[in-house]
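Two complexes follow with chain A in common, the first pairing it with chain B and the second with chain C.
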Partner chain A sequence: MSNKNIYRPQSKFLYSSYLYIIPAFVFYILFVLFPLGDTLYTSFTEWNGISEKKWVGLDQYIKNLSDKKITSSIKHSFILIIFYSFLPIIIGLLIAGLMIRVKIRGMTTYRAILFLPQILSMIVVGISWRWIYAPKGPLNSGLDFFGLEDVSRAWLGSFDYSLMAVGLIGTWVMFGFTMILFIAGVQKIPIELYDAAKVDGAGAISEFFNVTLPNLRGEIIVALIFTVTLALRNFDLIYITTGGGPGTSTMIPSMFIYKKAFQMGQVGSASSLGIMLTLMIFTLVSLILITFRERK
Partner chain B sequence: MKKIVFLLSSLIFFSAGINAETLRILAEAGDEGTLTRAITQFEAANPGVTVEASYLGWDDFMATIKLKMADNNPPDLAHGNQGFTVDGTLIQNGLVISLEKYANQYGWKDLFAEGALSEFMWSEDGSIWGSGSLYGINPVAEDVIVFYNKSKLNALGLSVPNSFEDFENALAVSKDAGELPIILGGADGWPIIHVWGIIDGAFVDPNHTRGWIFDPKNFEFNTSSRMDAAKKLDDMAADGYFGTDSLGIGYDDANAMFINGEGVFNLTGTWMTAQLDEGMGENVGAFAMPTSGGHSVGGGGSFALPWHISSKASNPDLAAKFLAHLMSNDFVDDLMEVGRVPAQAPTISPTSNLQAEVIASSNALVGANAKTFYTDWATPGMYDVVTQELQKLIGGATSAEEFISAMAAESLN
Partner chain C sequence: MNYKNKEKFIAHAIFLTGTIFVLYPFFSILFLALSEPGKRISGFTLPSGIYFDNFIKAWTGGSFNTGLLNSFIVVVFVVLITLICATLAAYAFEKLNIFGITPLFALLLIGLVLPYESIVISYYYSMRSLGLVNTHLSLILPQIGLSIPFSIFWLRASFKSIPKSLSEAAMIEGAGRWVILIKILLPQMIPALLTLTVLLFMWTWNEFLLALIMIQDEGMRTAPLALSYFAGNKRYGDPAITAAAAIWVALPVLIVYIFLQRRFISGMVTGAIKE
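For the complex of A and B:
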C-alpha cells in the first residue's frame, strides 16, 4: 500500500522557523539570561551597588557558607518545605481521595472557597495572619475561650513556635492549589479502574493507594516542584509577618539577600547568596524529577 | 518642517525654562507635613520657582535612595541617613556635595553648640565620620524619651522619677498593681533599639557611646558600665516589665495600645508627639530618662534625616536656599505647629502640654550633651545584629554576656 498521502516532515531543516521564537527569545535573553549572567558575575565581586565592582573570586561564597546565620537560615528553609510542600500535598490528596467516595452537595462552592487563599496576594495573607496570630487576636481568644490560656501566646514573637506559625500560613495558602491539581487529576483516571478495584473487593484505603495515588504521579511531581520552589524562594510572607525574627528564628536566605542588597549595600554578597539559592532549588527540583520519573 | 522646528525649539526653550526654576525633592514620607508647609511658603517667597516633592515610606526610601542619587537625573535635594550605609556611600561616590559654603553663608553652625552637628560631618573622601565638612543638615530633633500615662502614674501614687532607680521602682510598683509597666512593640525589632538607647544612656558615658558609633573599631563596646546596662535590660525583661507578648506586637499596634490605656510607660521617640497628643490629650506626659544615680539624663537621639544636595543638581544654590528656609528662625514655629520638635529654641509657646514636656525633655538631653544617636548607625550590619540580639535578650533566648559579645564582634566588621 502506498503511503504517499501521509505527511512527512521535510528532511531539509527550515531555518525560517527560528523567526517564530525570536520575539520570545529576545525577551528571555533580556529579562532572564542577561540578569542571571550579571548576577553570576556580581557574585564574584565586592560591590555596594554604586561604585566599581571589585573582583574577589569565590570569597563571597566562602563567607556565606561560613556564616552560621546563613547556614541556619537554609535549615529553616528545609523545615518550611514540610509546611509549604509536604503538608499541602498530603491534605490535597486526602481531599481528592474523599471526593471520589463521598458526594457532597455544592462541592464547587467548597472548592472555590478552599482555593481562595491561593489567589490572594501574599501581602494580604501576611497581614491577615499577623492579626490572627496577634497576642490578642482571634486564635488566642479562641484558645482562651476553651480554657487553654496556657497554650495561647504571641505566636509570631515566640522563639519556639514562630517558624511553625509562619509555615502553617504557607500550608493554608498552598493546599488549595494542590487540591485543585489533584481533583483535576482524579477526574482523568478511568472509572473502570475504580470499578475493577471494587470488584476485587478494595476498600477506600486500598483503592486510594492502588488506584488514585499511582495515577496522580504526574500531578504530584508538579505539586512538589511548585511548592518546594516556593518554600525555598519565599520572601514576602516572612517579610510581612516576622521580618525573620524574633532574633533569627524565622530567617531564610531570601531575607538575607534583601537585607544585604538593599539595607547593607553588600550587593556582591547578596548575589552570591542568590546564586547559591538558585543552585539549591535547581538541585532539589532535579532530585524530585529523578526520584519520581517513570520507570520503563 | 518649519512647524516641527518651531515645536522642537519651543519645547527645548520651555523645558530649559522649567529646569532652571524647578527644585526636585525626594523625601522620606515622615517629612511630608513639614515639607508641604515649607514648599508653600518657599514658592510664595520665590516667584517663578516650583518645588516638586515626592515621598517614599521608610523601607522603600532606604532601599532605593543610593541608586536614585547615582542616577543620571537624581533629585536636587534628598534625605540620606546617618552612618556609613547611606551617607558614607553617597559621599564616597561623590553623589552629594559638601554644605560648608552654605553653612557659612546662612550661619547654620552658629545655631547649635560646638560639635552638635558632628553626625553630619565627614572627611572629603567619606572614610571618616564625625568630623570634617558638613554634608547634611536638618532642623528637627528626634530624641528618645519616656512617655507616660498620667492618670495611671497618679493612681499608682508615683511621680516622675528623678533617677533610673526611681524609674525601676515605678516599674515594680506598676507590675505589682497589675499594670503593664512598659508597652513595647518588639516584633518590629527597631523599637527595642530605642529602649536599649535609653537604658544604655542611663549607665554609659555618652561621649564613649558617640565615639563608638563614629568609630566602632577603635572604641571598646564591651565596657563594665555597658555590661551593667545589658544586665539591667535582661533583668527588666525577666521581671516581666515588658509583658509576655512584646515580641508579637508591632510598633504601631503598641502605640495604639498605649493610647487606649495599656502600659504605664512608653519608651519611644519625640516623633510620636503629635500622635500621642491627639490620642491621649492631657493624659500623656513625657520626661528624659534620668541616669543611674540621677545626676544627668540619657537616651538615644539625633537630628532627623540629613538633607543632601546632589552633586548633579542643576542649581545647588536654589536647593541650599530651600534648606536655609527650613533652618530659618521663622520656620521653627511652623515645625512646632506641625507637631515636630525643632532643634532650635522656638519663639512661640508650645501648642500643648505634651509638646511643652517633650521640648523640655529634648532640651534636657541637649543641655546634658547626652544624646547618643542610635546604636544601629555604627556599622552597615549593626541594624540586623542589634535588633536580633535585643529580641533574643528580651525574649530570654540569650544572656547579657552573649549580647555584649555579639555586639562587640559586629563592631569590628
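For the complex of A and C:
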C-alpha cells in the first residue's frame, strides 16, 4: 500500500469494486428494468398473447383514454385516495397534535395493535371485511339491533356504496400507520418551540398550524407517498372483496390490467394501461415532493 | 382531575377507541372461526363454546399444508438472495469508491416507485417462454429483483451510520475490502439486517398478484393464493371455514410480529423516512 492510501484509505478506485454491485444489478436489470422496457414496447402494439405483436403506435393509449370504463376506473382510484390517504393523514395529524406533551403507559401495546393491519396479507384483511360487510354479518346485525333495518344492505354488492365500503377498509389499514408516524414525529419537535408559541400567546389551534404542522413536513411527505401509491395500486384488496364489481363500480386500473391481460386477451391494451398507471404514480410522487419540499 | 391527568385520560380514550376499531374485524373472524360448525353466529354475539372443527376442515380442505410450505420455500430464497446481493451492493455504494455511483443510484430510484402491477404481464410472458410458469422460480426471481432497490437504500443508510474510523483503521492495517466487510462492518450491521429480514419476510409472504398469474397447479399455490381460491370456492362457501383458513395464513406473520413488533414498526416507519 502506498503512503497516499494510508492517509486517505477511502480514495482508491478499483474496477473490481463493481463486482460487489453486479449480483444486485443483474437481478434488478433482468426483473425490473427489462420487464419495464418490455411492457413499454408491448404498449405500442396490438397483441393477444399468442400471435405476432403488431405495431400500432399510440393507438392503445388513445383507445384507453377514450374508454369510459377506463377513465371511470381512474376516477375510482382518485376517490380511493381520499379514503386511503387523506382521511388517515387527517386523523393521524389531529391525534398527533393532541399528543404533544402526553406520555402514557401502555404506548408500546397501543402501537403494536394499531400497526397490526400493516403486516397482514390484504387477502386476509379482505376476507375479514367481507364478513363484516356480509348481508348477515356484524355490521348489518348491529344496524338491525339499533332498529336501522332500512340502512342495512349487502355493502360490497351495492352499486352506490361498494366503493366507499372498500375505501373504508383502506382507512382502517392506514390510520394506525399515519398515527404512529406522526406521533413519533411530534415527539421529536423540541418542546421549546411550543413554549415559545405559548409565550407569544398562541392558542391550541395556532400552535397546531404554526409549530406542529411545519415540523411534521418530512413525515407528511412519507405518509402521502406511501398511502397515495397504495391507493393507486391496490390490486389484492379489490380482487378479494369485490373483483371490481358490482358492474364496474369498484373497478380500478390494476384490476383492468389483470382482466385485460389474462382474461380478455388484450395484452397490448393492458400494457399501455400499466404504463399509464406507472406514469400516474411517478407524477403524483413528484408532485408531492415538489409541493412539500423545503423552502429556502 | 388535574390538567395532566385529564390529558392522559383523553389520550387513553383515543388509543382505546383506535384499538377497538383495529381489533374488531380480527375478533369478529376469530369468533366466527371458533363457532360451532353449522351454527351461524351474527357477529354481535359471543360464541357459545370453542370448536376447532373449522380449523381442521380448512386445513384439509384447502391444501394449506402445501400452501404454507410453498410460501416458506419462496420466502427463504427471496430473503436470503436479496440480503446477500443488497448487502454487497450497499457496501460498495457507501464504502467503496465507485465511478458512476450517482446515475446507478438514480436507476434504482425507478424500482423504488414503480408499481409492479404494471409489469406483471411481462413477467408472465417471459416466464412462459422460459417454461418456468408454475414453478417456485417464477415467484422467487421477480421478487428478488423487486426487493433489491428498497433493500439497498435501507442497508446503505445503515452502512453510513457506522463511523468511518472503524474501517479506516482496518485499512491502515492492510485489511482488504472483503475482510473489512465481513469482519468489521457486518457485526455492526446485524440489527439492520434483522429488521430488513423481517420486512422482506412479511412482504414476500403476503405477495399475491404474482402467484395469482404464475401458478395454476393446486399443489404449487402459495398460502395467500390458496386462501383466495378457498374463499371463492362455493363448496367451502361456509364463511366460518374461510375465517379459519384466513387465520392459518395470517398465523406465521402474526407469530413473528408478536416477538419482533418493534422491528416491524421501526423498520416501516424509519425505512419510509430514509427513502
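Convention: the second predicted complex is superposed on the first by the 266 of 296 C-alpha atoms of A that agree within 3 Å, B and C clash if a C-alpha of one lies under 4 Å from a C-alpha of the other, contacts with A are read in each partner's own complex, and residues count from 1 in each chain.
Keep in mind that, in the parts below, a residue touches a chain if its C-beta (ideal position, glycine included) is under 8 Å from a C-beta of that chain, and two chains touch if they have at least 3 such contacts.
Everything quoted here is computed from the prediction, not taken from an experiment.
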Partner chain in contact with A:42 - chain B first, chain C second, else both or neither: second
First, second, both or neither for A:66, with chain B first and chain C second: neither
First, second, both or neither for A:118, with chain B first and chain C second: second
Which of chain B and chain C A:175 touches, first, second, both or neither: second
Touching partner for A:291 - first (chain B), second (chain C), both, neither: neither
Which superposed partner A:134 touches (first chain B, second chain C, both, neither): both
Touched partner set for A:158, first chain B, second chain C, both or neither: first
Per-residue contact with chain A, leading partner among chain C and chain B: C
Which of chain B and chain C A:32 touches, first, second, both or neither: second
Chain B versus chain C as contact partner of A:262, first or second or both or neither: both
Where chain A meets both chain C and chain B, residue numbers: 49, 130, 134, 262
Chain A partner contacts - residues on chain C that touch it in the complex: 7-8, 10-12, 14-15, 18-19, 21-26, 28-29, 32, 40, 42-44, 81, 84-86, 88-89, 91-93, 95-99, 104, 107-108, 110-111, 113-115, 117-126, 141-142, 144-146, 148-149, 152, 164, 167-168, 171-172, 174, 177, 202, 205-206, 208-209, 212-213, 224, 227-228, 231, 239, 242-243, 246, 249-250, 253-254, 257, 261-262, 264-265, 268-269, 272-273, 275
Chain A - residues contacting chain C, complex: 1, 5-6, 9-14, 17-18, 20-21, 23-25, 27-28, 30-36, 38-39, 42, 49, 95, 98-99, 101-102, 104, 106-108, 110-125, 127-132, 134, 136-139, 141-142, 145, 172, 175-177, 179-181, 184, 218-219, 222, 225-226, 229, 232-233, 235-236, 239-240, 254, 257-258, 261-262, 267, 270-271, 274-275, 277-278, 281-282, 285
Interface residues, chain B side, partner chain A - complex: 62-64, 66-67, 70, 85, 89, 92-93, 95, 186-189, 244-250, 253, 380-381, 383-384, 387-389, 391-392, 395, 397-398
Chain B-touching residues of chain A, taken from the complex the two chains share: 48-51, 130, 133-135, 153-159, 242-248, 259, 262-266
